[in-house]
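Next up: the structures, one after another.
In the two assemblies presented below, subunit A is common to both, partnered first by subunit B and then by subunit C.
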Partner chain A sequence: MNRHSFLESTIQGFTRAVSKALQSEHAASQPGLLQQLDPRVRVIGILTLVVSVVICRRLEAIAAILLVAIAIAFAARVSLASLAKRVWLVVLGFTAVIALPALFITPGEPLFTAPALHLSISVQGMRTAVLLVLRVETAATLTTVLVLSTSWTQILKALRSLHLPAEIVTMLAMTHRYVFLLIETANQMFESRRSRTVGVLSGSERRKTTARTAGVLLSKSIELSQEVYLAMLSRGFRGDVRLLTDFRLKPRDYVGLTAFLFTGCLAVWMGR
Partner chain B sequence: MGEENPVEIDEIMHIPDGYLSPSTCATLYLFAASGWYASLKRIKQLLATRAIPLISVFAAFSFVVMMFNVPLPGGTTGHAVGVGVAAIVLGPWGSILAISIALAIQALFFGDGGITTLGANCFNMAIVGSFTAYVVYRTIAANSNLRSRQRVLAAAVAGYVAINASALVTAVELGIQPMLFHDASGTPLYAPYPLHVAIPAMMIGHLTFAGLAEAVISAGMVSYLQRADLGLLRGVSGLVPPPGTIIPGTIIPGASPEPSRGRLWWAVALLMLFTPLGILAAGTAWGEWSSADLMNPHTREQIAAASGNHAPPSSVPVGIEKLSNLWTAPFPGYAPRFIRNPAFGYLLSAMFGVGFLVLASLLARALGRKWQRGSLRS
Partner chain C sequence: MASTFEVQNISFSYEAIPAIRGLTLHIGEGDRVALLGANGSGKSTLLRILDALYFPSSGTVTFKGEALTEKHLQQEEFALNFRRRVALVFPNPDVQLFNPTVFDEIAYGPLQMQWSKEDVIRRVNETLEFMSISHLKDRPPYRLSGGEKKRVALASVLVLDPEVLLLDEPTATLDPKSQSQVVDLIQQWKGTARTVITATHQLEIVEDIADRVFVLEAGTVIAEGTPSEILSNTDLLLRANLIHAHRHSHGGVVHSHPHLHGHSRHEHEH
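Presenting the complex of A and B:
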């Protein structure tokens, strides 16, 4: 193992998170067909489809929703290459590995037997593995299309209009804001530590470095929260949260919402 | 979930959409929502207007700490959830909110971790994790000095146990899927592995890497705070009671613990949830044999095996036969006849049974009060 790899990999993780967030913001501002719909319709519509994927019990119905999800991605101008890289390969690499042993250990009628290895794949095992992978792929595709087509502020406003408590919505908004500030702070701490590290750190030294950095970040976070609190008080905050919800549904939003709900219900009916 | 993920926290514990059935997701959303409601109420009581900025910034901190690569003995690295430190600094209620919000941002903003399974993930990591970490930390730290090594040890054990408790609950949720949700041909519809595969598969990774990463981060941070920012170990302005106070329900040496009703309800709820596990136990429940069991050659073998190879009497004892006709339970075999699924029947019977007992005890208490008032008046 590289002597600094724990520093490097954490720094790389931070960079990936920030670049992923920037990619989402960029995609959300594209003039796609999906982006023209009211954010509430997008959030409710795509969540309906995700729920219907989970409810469906037949492969064909889930595959049909996957096709719909790809069509929605087209409408949102999300490239298939980025979906493949960000979702499909990642899910394959994770869920397919988890599903693989199910082929052999799920009891049922044998589909294929390798006598030399004393292994047999059951019909039920094959079906459950494909079902799991397809379901996870489809749900992840839908979620990613939503995340890539809707900015965070729009998602929050949609959640608020769905009657999520105002305090929770405010906390989600504030957390999101400070995540990037704290990523930046932690990144700087790791980079400065790396620049000052000469020679090989022992295992316990590495662990201490990580824990101390986390400790400093914690102290800074608590101080930051006090400053934010004072800033809020000075602007007249008294504990009540009011949020603006200025969305108005246009005729095309109603069409979009109906299409989403109809597709979701149809899929559930087909896949029952 | 691989290279592309910004937040590579312990992957399997972070259940994606599609692994859990809709009814499991709904039940766990309900559990998580009651946890969120209770913590929000509690935190607003304790902190008033300071709650929102403190929990928000702490959630952001938790999110970032989940991205740290923690070096482990043997040259590998792991990721921590940070639930140990959150529970020590904020107390269980604040920790539930902070970790849940960090998980929600991962799911809703980064698309990592499921949306239908967000309730399950929050229940496992935020609720089970926070309470376990808090109780273990307070129990081991007891009345020790804030700067003592005992507190560092307490933090390490709290982090380790909390992550493993969360992993166990996750494994149980995944493991009951094939038993409860399969089609007519026996194909599991969601997570495909039964409990006897899911539990060892989950626990091996957590008893080693993930648990160790959490222990390293919790102990390291407490040890750092002891030297640099002792105030945070006292808790954030009243969120955590000062050291030396007795927390209802925790076992502190030399003090008699006061049982708390809230914790009792939690325990009852958990026990009800785990009743279907009884189905998986091998053999028969000792002493709970019916007269039919005593006559059946197969169950007779099981009875003998469970009784240290003492064969049961060859005929049904007269007393058992006479009494067995006296009473037919409303839920014979713990499950109504119209419910085919034994696990569901178990759960329903548990809920019915607990509901009946609660109702009976409430009635008894009301009658007792009335009687007390009557005797006071006279």
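Presenting the complex of A and C:
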């Protein structure tokens, strides 16, 4: 079995992840409760909750929003097992690394001490670390539920109707469509290089090859983005996202929006 | 014959590298034209200039008597009208297919034209049927085969029923069956008012897709004529790098002669 470098393995893993993300478009068409709301309401509602998570200072309030996020996921028919695998474990891994030093460097009432190692964990340090992890977990859960319950084109149209500049919306649309193609290209470049490599490359050679690959990939991505933009212009694109589905607010959308805003405000008030 | 495009002495460069130099040509309504030339001869650049994606640094281009300038294309009414009437199929279908499903892809153009929802759905379904790709309508374009992608790319512009179709290497990288399907499609438009301009270096399809041929070299037209006039001019084809001298041996005698790819059989005297 071939030994793959860390970067190659990462890119292959990323290919699988993006492929799954693109497949998740079908989850957006599930007849869930969240899917029945207007995409603009979903975007505003979820963003309100994310902002309230960022503002909240109390653990209890953030934990309550996490429970709300899980309830929303359940209502949107998003599998909790998939959330755990895609979000909770990954986020835990990343934020734990960032939060770890806070356990030891935050001064305060000692919770645990290991004199032999000259280490001490304070109550305040523990609280700061848990707050950080919980905050990121909750925000990531909310945004993942939004992405899984709403097709990408609907999100873009909602962002545009909320007056996000057309240039940013176009940039997001392009990134989503072509990240897969570029990762596939990167994979092929690595495979092609492997097919012409005899023996094992040294660390420095591997780094040089990786840097060269990154440079070529950047050039290709710039070229591709210019071509795609021309193809869009050629078919009449003038900066606006136009879809077949018309966004029209119904009574349930107003109820949903009120519920989102009320929950967000309540959380901010509780967590102040 | 009424004019579709009038190109007068245009030049265009990619930064410091000239791609088109002093090129002049006239394309009439209903013309089926082939732009022949080797890689880098300026075919693709010319198609993009005709589609008003690039603008020449000097010279003029008019479409049905109206100047194609950057300023003119900024006017919404003119731009939408032009984009509906003139369509370009890019050589790489991945560039052209950026929507989540084939249906959305084909609906993209009509939606930009701000057609009514009913008209968009009706036209998309008609086009899917015409191109025999109805079974693909819910598939994401990036999961299609090369031939299917090309058909979807063609459908995505045909849905607007354009008067002018600009095809950039429409049969490149396709298998023989898909190639003949695309050629058949272009042949269907013979005798109609639709103008078809095809850039290619595949000589074997020229007689099927064009009634007039322009040969390009280094960004300028070096010859113009009917397909039979151009294809029978071996010196011209050699000069334009469209054929090459082929060396081979017969019974120990090595000799060379001009060689045209794509023809399944050739005969010559020894």
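Keep this in mind: the second predicted complex is superposed on the first by the 205 of 272 C-alpha atoms of A that agree within 3 Å, B and C clash if a C-alpha of one lies under 4 Å from a C-alpha of the other, contacts with A are read in each partner's own complex, and residues count from 1 in each chain.
Following the convention adopted for this analysis, contacts are C-beta pairs under 8 Å (C-beta built on N, C-alpha and C of every residue); 3 or more make two chains touch, one makes a residue touch a chain.
Remember, predicted model here, so these are calculated numbers, not experimental data.
Once the two complexes are overlaid on the shared chain, A:Thr170 sits against subunit B while remaining clear of subunit C.
By the touch criterion defined above, A:Val228 lies against subunit B and subunit C together after alignment on the C-alpha atoms of chain A.
Applying the stated contact rule after C-alpha superposition, one finds that A:Leu67 touches neither subunit B nor subunit C. In the superposition on chain A, A:Thr153 makes contact with subunit C only, not with subunit B. Within the superposed three-chain model, A:Gln124 lies in touch with subunit B and out of touch with subunit C [touch as defined at top].
Once the two complexes are laid over each other on the shared chain, residue contacts for A:Gly236 go to subunit C alone; subunit B is not touched. Applying the stated contact rule after C-alpha superposition, one finds that A:Leu162 touches neither subunit B nor subunit C. Of the two partners subunit B and subunit C, it is B that touches the larger number of subunit A residues.
In the superposition on chain A, contact of A:Leu80 is made with neither subunit B nor subunit C. Within the superposed three-chain model, A:Ala99 lies in touch with subunit B and out of touch with subunit C [touch as defined at top].
On subunit A, the surface patch touched by subunit B in one complex and by subunit C in the other comprises residues 152, 174, 177-178, 181, 224, 228, 232-233, 237-238. Residues 22, 25, 151-153, 173-174, 177-178, 180-181, 224, 227-228, 230-238, 242-244, 246 of subunit A are the ones touching subunit C in the complex.
For subunit A in complex with subunit B, the residues that touch the partner chain are 1, 5-6, 9-10, 13-14, 16-17, 20-21, 24, 47, 50-51, 53-55, 57, 85-86, 89-91, 93-95, 98-99, 101-102, 105-108, 123-125, 127-129, 131-132, 135-136, 138-140, 143-144, 146-147, 152, 155, 165, 167-168, 170-172, 174-179, 181-183, 186, 203, 206-208, 210-219, 221-222, 224-226, 228-229, 232-233, 237-239, 241.
For subunit C in complex with subunit A, the residues that touch the partner chain are 48, 51, 53, 76, 79-80, 83-84, 87-88, 90, 92, 94-96, 98-100, 104, 107-109, 111-114, 117, 120-121, 140, 142, 156-157, 160.
Of all residues in subunit B, only 1-8, 11-12, 16-22, 25, 36, 40, 44, 48-61, 63-65, 67-73, 75-77, 82, 85, 89, 97, 101-102, 104-105, 107-111, 114-116, 178, 183, 185-193, 197, 216-217, 219-221, 223-225, 228-229, 232, 236 touch subunit A in the complex they form.
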